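Here's the structure we're looking at; comments come further down.
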């Protein structure tokens, strides 16, 4: 993982991020932790795959190999 | 696996967790063990993929590469 | 593979286990052997994917990367 | 690969085995060789995916990562 | 990653690139960073999968194993 | 790759082989080279996926991880 | 990658090649570079998946793990 990726993720610790997963699932949660495989810890997570009926997931661990995109919030 | 992931999983040993697998399967069971690949041992597991007809699986070993999310219970 | 996984599999050698594979196949057979990749040797195996018409497979070797779940019998 | 897997495959060299591949293909052939990745050499192979119209493949090399199950003949 | 790939990506830092992902998603964004796994950092990113209704994603991290193609702008 | 696999491929250098790929594509070409990953070089290759309208591909390099089966011609 | 594969690719530097990708995409472009993972740099690339409406992609980087076949032009 490039230093820039690490920097961006570190700057966004404690902030809301959007995560797209393989298979089409979308998540929205507060970034609590990550590692070099892009394994993520999110809290206050919502499953936003279906924007008309989001589902609360709370604290979750995401296995990094499922991650397609991580999108920090606009600054 | 980050130290935070390990900490969260250790804090939830003996507690009910939700697990989403690749392919769409959902499990709900008591976390009995895990390793750094996210291989999991769950007991009292229900297959909750179809929420209208869950199925009892009891004690199971989950191969980690199938795991998408692990969600500890709300505290 | 965690020590717990190894212990559970060792305790179930010679017993009937259920195995779910990627792609949806389900097997039911007597656990005769395993290794750290979850490659399995099962005997008296039935393909129980279609519960209305199971098929006898007898002795089989399962390549571990296909395994989703292994479920020992209730104690 | 566990010693047991190697033993079973070695005991079946020269015998007819059934092989299920990812994607649903089924093969039936005489086991001529194998390695630790479950790469297989089969001869007199039939593609038995469609049991109503099997196709002769003769001598084949199967790349091991496609293998789901190997089933030796009943003894 | 070949030196040529690195060179092309370095020459395009700060420029708009098109990225095609596995599963059919297309992105258009300003290349801000990359590493040897083709993990990418893009800013001002639009999801251009559906050209009739693009979606703003802003700053994103793309996990490299999802990348099919990267296309720098015409010079 | 087992010595037997290497031997079979070496004995078939310069001969027509059939290759099945993941995703269902079938090729028929003269084996010109291979390596331990089953990367193949074929010449005079036809895409025989659709047996009613084969397509000429000529000289091709096949990335080994796509290979399911290699079938040398009957002797 | 075998020496033969490297030789073929080197002989075709600067020439038009056809590339088939996993998922069915076909590309046609001038080979400008490659590495041992079959990561490719192509220029003047057309997406020829739909032969009735090809699309210009220009200079592209192809991540090697998507490559199925590379076909140099007939000599």
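Some points to look at:
Think of it as A, B, C, D, E, F and G in the order they're written, each chain with its own count starting at 1.
Operating definition for what follows: a residue touches a chain if its C-beta (ideal position, glycine included) is under 8 Å from a C-beta of that chain, and two chains touch if they have at least 3 such contacts.
From a predicted model like this one, the values you see are computed outputs, not experimental measurements.
Any chain bridging chain D and chain G, meaning touching each of them, is among F; the list is complete. The chains in contact with chain A and with chain C alike are B. Centroids built from CA atoms put chain F at 42 Å from chain B. Distance between chain B and chain D, defined via averaged C-alpha coordinates, is recorded as 34 Å.
Under the contact definition stated at the top, the residues of chain F that touch 2 or more other chains are 22, 65.
Listed in ring order from chain A, with chain B immediately after it, the chains are A, B, C, D, F, G, E. In the complex of the two chains, the chain G residues touching chain F come out as 1-2, 4-5, 8-9, 18, 22, 24, 38, 64-65, 67-72, 74. Residue ranges on chain E touching chain A, taken from their complex, read 21-23, 25, 32-35, 37, 39, 41, 45, 57-63, 65-66.
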